[in-house]
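Structure record follows, encoded as structure tokens.
Residue numbering begins at 1 within each chain, and the chains themselves are lettered A, B, C and D in the order written.
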Amino acid sequence: MGIANLQSIGLVIDILAAAILVTAFLIVSSRNLVFYIRLFAIQSLLLGVVALLVVVGYGEMHILIAAILTIVIKAVAIPLVLTKIIERIQVQKEIDFSINITVSLLLCGGMVILADSVAQSILSVQRPDIPAVSRVLSVSIAMMLIGLFVMMTRKKALTQIIGLLTMENGVFLSGLSITYGMPLIVEVGIFFDILVAVLILGVFIFRINKTFDSISIDLLRSLRH
Amino acid sequence: MSDWPQLRLLILIVTVTGYSLGALLPPILSAIGRSRLHSGPAFDTFARNFGFTSALVSSLAGCALSISILLAGEPLHVEIQNTLPLGGMAIHVDMLSGFFLGTISLVGGAVSVYSLGYATELLQRRNMGFFLFMYNVFLLSMVGVVIAGHAVLFLFVWEGMSLATYFLISVEHEDPASRRAAFLYVVMAHVGTALLVVMFVILYSFTGSFDFATFKGIGSRLPGVVPSVVFLCALIGFGVKAGIVPLHIWLPEAHPAAPSNVSALMSGVMIKMGIYGMARVFFDFLGPTIPSWWGLLVLILAVTSSVLGVLYALMEHDLKRLLAFHSIENIGIILMGVGAALLFVSLGHAALAGIALVAALYHVLNHATFKGLLFLGAGSVLHATHTRNIENLGGLIRTMPWTSFFFLIGAVAISGLPPLNGFISEWLTFQALLLGFHIPDLAVKIAVPLTVALLALTGALAAACFVKAFGITFLGLPRSQHAEGAHESSPTMIGAMGFLVIICLVLGVVPGPVLFVVNSLVGALLGTNAAGQVSLNGGLLFVPTSALSSVAPTLLAGLLIGLIAIPVAAGLFLGGRMQKRVAMTWACGLQRIEPQMQYTATGFSKPIRMIFSTIYRATHEIEISEESSPYFRPNISYELKTESVFLKYFYDPALTLLVASAHLLRRIQTGRIQSYLAYIFITLVLLLLFAR
Amino acid sequence: MSTVLFTLLLGLPIAGTVLCALLRGRKPLEVVTVVGSGLTLCSGVWMMWKVITEGVVSSPQGWWYADGLSAYIILIVSGSAFVVALYSTGYLRRQIRNKKVDDQQLWLYYLLINVFLFTMMLVLLSNNLGFLWIGTEATTLATAFLVAFYERESSIEAAWKYVILCSVGITLALFGIILTYFSALHVVHVSGNALLWSSLIQVAKELDPGVLKLAFIFVLVGFGTKAGLAPMHTWKPDAYSEAPAPISALMAAGLVNMALYALMRFSILVNRAVGEGFTSTLFMIFGLASMAVATPFILAQRDFKRLLAYSSVEHAGIIVFALGIGSPLALFGALLHLLNNAIAKILLFLTVGNVQMAYDSKIMRKVTGAIKVVPVSATFLMIGVFALSGWPPFGMFISELTIISAGFSSGAVVQVIAFIAILATIFGGFIYYTSKMVLGEPSAAAKGGDAGKWSLVLIGLLLLALLVLGVSIPPPLKMCIECAVNVFKG
Amino acid sequence: MTEIAPFIAVSLLQLVMIVILAPLVTGIVKKTKARFQRRRGASVLQPYYDLAKLFKKEVVIPPVSSWLFRFTPYLAFSSTLVIALLVPTVVAPVPLHWMGDIITVIYLFALVRFFVALVGLDTGSAFGGLGSSREMSIASIVEPAMMLAIFSAAGTAGSTNLSVIVQKLSTTPEAMLNPAHLLAFSGLFIVTLAETGRVPVDNPATHLELTMIHEAMILEYSGRYLAFIEWASQMKLAIFLALLSNIFFPVGIATVLTPWAVGIGVLAFLFKIGVLSLVVAAVESTNAKLRLFRVPELLMVAFILSLLALILYFIIGS
């Protein structure tokens, strides 16, 4: 394909990245648990699309599988599992915050700035043969930080899983942006790990709910000092 | 003699293996014994006999080795090849080591014999194997400390010594006091060792080796304040072990807590290891070019230790605590010699330094003997009466004649009275200090007279304290059933004490030979013109001054005994009637004397308590049970406390602070996973900022 | 030849896993696990020997790779696994006797131990940094259920925190790896090899410093969480105190060392690219921070397993500090301390396991006079604590003294003095609590009943090993460590 | 010590001077005090009669007592004899001067005190304990004070050997005109009063339990034993006076062994002792005995005076 297409694809990827960031912000600002999971699903879907574009644009065939895995596992399977969990344990769908939304959003904005500066310092060494997309990289780093931030500020066990997965998405996105992803086998392994992790965490959520009959991790405070 | 070194090496090996066997076999034996119950006790008894006997054998070998080293003069050096990263371990026995080795072996041997009898009652209650293991390890590690020629080996045995002592102190671990004592001891010891590690590592970073040979006289090659840092590390690190005020707090707790044979070793020998370390580092390593404030600092510490030690001792009614405080006092006296030596060296008077150091080292040996003796005596009393509180004792001179006699000798010796060994070393210390008069230096001219004054004060107070200790414990009437039921100790115990008594007498009456050796050892340490300062001829012992001042211990003792003939004769010729009548004398005009009428230890020390009330800050409370009529007060309890300034104003607050801050810092483990995530997040952000 | 070795080291645990998955009943599970881990240890020894004789060993396609460092760590990890497997048999039998564990749990226990061992081997042997990451995440997942073994509230809480925190950390590490990959892509032209350690180390000099610095930061935070360096250590006390004693032992002796291995690997790479200063500063900071953070928790503590957990934080700090010093002597000390720490931690976790069973409590207030209740274990505990605190005649004395000397002679005076001060303080806390537990009259809680003879013999052997290491380092071991140290200097 | 005859002779002279004269000194003091009190008083020879009488009497030994009770009188007497051989009276240097110096002398006194105090506790009577307690407490300040006082004199001679000190000072009289010396003398004088159990520290004439110190310890003694103890303490007084006089006014003391010089020495010694005993008597008669717990303050004064003397001496030298 011609340079023009490449640039247009780059443009699209940029837009998608922006969209992904928006989903991350929405996650931060949303109150509803189900909505939360949906947002994550959309985010993963967009991620998958980005991966596909990389495949199409730069002909990195091994990403294809990664893209498909992303869509299948992250955009479909995991959200389903999580929704099931929610239905199985009738928790109230409200999420309670430890920091209110406006402040959280401001902080996340700050993180985006930090992320961008880090991204710049990484890309300062950009070489012609690696057409990395700067905004995408900063978005991905920002997502990592935001994911971590979500885990820090939300009180439901489930939200922590979402936060973790958001971080994962960020890492994956960064991989796409600067290295066209990892070698295939590695990608597969990573996906496998993530899946297992989510399953195990799901099991724990069940147990927590069984023992504490709530999934609010504020109850998990018996171990101190 | 070409095979001389081989012979000495052989003796060394005998010493070490003896202790090792004594350590290793008994546990096995008593384990076997416990596995088969019927013959268990027999095994334990055998284990005990074997353990202490092999300790005795090693001690004899140790004596032989030290004598051969001290006479031959040239050191024994052994290099042990090994794979440790910090290089091979070396054994180096020079005259200084030899002298301390002799001290250890002398007391160690006597105590081992004593323990044969003493440990019997321990045998029923305790795991004999473990006790013997630690006992022999303790002796072995002390030997190791003095013969070590390599810092790694030194620290190794040094910590081993503390470890063994820790377990020996906590033998009676059901008693919270002994647990506390052991804890206090081991923590203090570890802090001390930490400083020693710093010291050695500093030297290492300059020499690139841990071998003592490379440390010799390094003081002059160290830049700037480094020598002073090394000095301070050594002073504190070794001072903890020596128990100098204000690092002494573990000592009065630990000595009473340990079994008496162990306390004899701790007080007689172990605290001297600190002195050995100081002598090694100050004179052998840091060498002749030193600032004069070192000596002054040591003198101040010495004076404080000796005066406070004896003053606290006077207030004690626990026999072993009393002796423990006297150890602090005597360490102070020893340090007066060391400090004076440092001072004189720094001002370039090697000759005077020689005298001071001879005094210090001789007092090391003397204190080892008579303090060992006294602790063994206290052990016998404890063994016979099961109480350490002298207020419950009395009249033992009739039930325990030998023990009381030996204890009396020890008391006279530690009070520095002629004709016993304490007098000689105190005399030398006085002489050394007075010679400071010849040094034109204001600091010296102030410090020396003060030291002299306080040394004199210490001696007098010590005498007072031991009149109390001996008088209340052994004289008069028994003050309790404990004391009435007392019995004389077993032959081995008496024999051991008798041996130490003989040593005390010999060191006091014929100090010549030992002093001769110490002289040459000091010469080897401080350089030739320090040698032979304390000259001896024909039982006459004198120090060189513008005019001679001298003492003739042998003749003095001879006359003291011989002139007794005169009053005896006078009694014969002047007085016609020689017969004596045992009858009630005036005795306050009472019909008979009740034990309660006797003067108590508290009463005895009251005048001194009032004279030095500013130091004691004594608080007493009197509880009178009010239920009875005001005229009959059946139970009136009187309690008197004298507080330890250092505990109250330094150690306790420090500990409180530490624990409080720990509780404060513990808050960071909140239990909230969010905060944990926040830690990670913050760390990450900070690092990202750090990297840019 | 090398293929056989790799197959053995990875295959044996897998085989163990599969067998355990199929088998039921106590005996066969025990046999499989013990034999499996034993054989793994043997092949580990073989590997070490091969590495010493032939230098680097790697598989034909370059998937697997082992040099002195990894071989040495493999030795420690598989050794710990073997000891723990041996001890677990006795431990679990007693647990079953006390009705604390049912057959289902038993099965899970042995299964997961095998998985755990496999994942650690995966990390230690993989040449591909991606696999290294996968393996690390897998260890977390494998141990998750072991931490939550006794399904108490507290154990579930601990497991949750453990999994979440470690996953977060590892995710960050992944980004670090991607950055490394990114910087390597410029210089390694076969993009498949850009993640391979063997090719990375050759081009290390050409890698971009700036990117590697960032990469190292993420890796440090990530694997630091796994190794339990402060302030990412927070999961450790919870997990260690809730897991069964043998598992705590295996985590403290295996998992930590594995994570430290990953850190060493990256630091080697980064040092080549960036120069010594960067990593050593970070290592020193994190080392001292870990030691300092552990101190208050050791001075004021109620739970003796948490006490040991914090000591594990402290010793991880010690090792990292030594890595920070970086001189060959310091590295030698660090690797020696790695071994000492592994032995001492197993020793102590197993002994306190016995004490805990005898008193049915791990609250120190309730545990006194252990010397009369469980004489042997109590003695081991007492001596073990002295060994752990760096007293002669035990190994840690030598390794710590080595580290201190190395630090001083490389000019890090202030840090080393802080190091010494912290060590002394921590000893105070340890001996305070230990003497309270071991000495005195037994408390009411005491039920008595020490571990079986062979379990005690096993612990005794560990103590003996520490003793030997304190008196002299056996020449073969010295060779191993030197071989590992050479990896750093290349 | 080449020719033995003068050696023996002078040693005997020493003994005579102290042993035989000691009771006389006490007699003089007693007589003077009597005169102060407008009494005629007993003859100056009364102490001799007392001793003779005591020797005649039988010894009663309290049931609660040990061998120490019987041993101590002999030890006390013999040690005092040894001291008598060391302290220059008429001749300096005394023949056995090298046997022991001032430190030895002080420690020998301490030895005696140690055993006498033990005897106080030996009989089990409350009085004995009281006496030895007070004795040891007071000694614990007096002894160092005395040591310092004499050390400051020792400084001049550069030796602690008494004979050397006396010799030096007698040959260089200007050394005596020295502030340090004055301080030292006053210190030593208080010490003498305390050591020999004189008013205002102790009262040898009373047996009133609240006041007595030395007497309380030996209260249970009788006969021969009492005689030796008493005699020893009289010798002690004589020795202290000898020290005071010869260290601070070493005029007339014989430094060569010519009959002439020795004769002068004897006369000088008798004169000085006489004067000093008069002074002591005067002090005793003009002062009241202090309360026991006022005594330490007085002794502290002595201690500080001597210390100042020593420091002063070290700093300004001579």
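The rule we apply is simple: a residue touches a chain if its C-beta (ideal position, glycine included) is under 8 Å from a C-beta of that chain, and two chains touch if they have at least 3 such contacts.
In this text, all values refer to a predicted model and were calculated from it rather than measured experimentally.
> Report back the single chain whose CA centre is most distant from the CA centre of chain A.
Relative to chain A, the chain whose C-alpha centre sits farthest away is D.
> Where's the contact count highest, between which chains?
B-D
> Whole-Å distance, chain A centre to chain B centre, using C-alpha means?
Chain centres of chain A and chain B, defined by C-alpha means, are spaced 71 Å apart.
> Take the average of all CA coordinates in chain A, do the same for chain D, and state the distance between these two points in whole angstrom.
102
> Roughly how far is chain B from chain C, going centre to centre by Cα mean, in whole Å?
45
> What whole-Å value do you get for the distance between chain A and chain C if each is reduced to the mean of its CA atoms?
31
> Which positions in chain C touch two or more other chains at once?
160-161, 164, 168, 172, 214, 237, 297, 300
> What are the residues of chain D that contact at least two other chains?
In chain D, nothing touches at least two other chains.
> In chain A, which residues are in touch with two or more of the other chains?
118, 121, 148, 151, 160, 217, 220-223, 225 - these are the residues of chain A that touch more than one other chain.
> Which chains touch which?
Result of the pairwise touch check is A-B, A-C, B-C, B-D.
> Going by the contact rule set out above, which residues of chain A touch chain C in the complex?
118, 121-122, 124-125, 127, 129-130, 141, 144, 148, 151, 157, 160, 164, 167-168, 170-171, 174-175, 178-179, 182-183, 185-186, 189-190, 192-193, 196-197, 200-201, 204, 207-208, 211-212, 217, 220-223, 225
> Residues of chain C touching chain A in their complex?
The touching residues are 128, 130-131, 133-134, 137-138, 140-141, 144-145, 148, 151, 153-154, 156-161, 163-164, 167-168, 171-172, 174-175, 178-179, 181-183, 185-186, 191-192, 195, 208, 210-211, 214, 237-238, 241-242, 297, 300-302, 306.
> Mind listing the chain C positions that touch chain B in their complex?
Residues of chain C touching chain B: 160-161, 164-165, 168-169, 172, 213-214, 217-218, 220-221, 225, 231-232, 234-235, 237, 282, 293, 295-297, 299-300, 329, 332-333, 336, 371, 386, 389, 391-393, 397-398, 401-402, 404-405, 408-409, 416-417, 420-421, 423-425, 427-428, 431-432, 435-436, 439-441, 471-475, 478.
> Where on chain B does chain D make contact in their complex?
395, 397-398, 412, 415-418, 423, 427, 430-431, 434, 437-438, 442, 445-446, 448-450, 452-453, 456-457, 459-461, 463-464, 466-468, 470-472, 475-477, 540, 542, 545-552, 555-556, 559-564, 566-568, 570-571, 574-577, 579-588, 593, 595, 597-599, 603-608, 610-611
> Spell out the residues on chain D that touch chain B in their complex, using ranges where they run on.
Touch residues, chain D against chain B: 52, 55-64, 66, 68, 70, 73-75, 77-79, 81-82, 85, 96, 98-101, 103-104, 107-108, 110-111, 113-114, 117-118, 120-130, 132-134, 136-144, 147-148, 151, 154-155, 157-161, 164, 168, 219-220, 222-224, 227-228, 292-293, 296, 303, 306-307, 310-311, 314-315.
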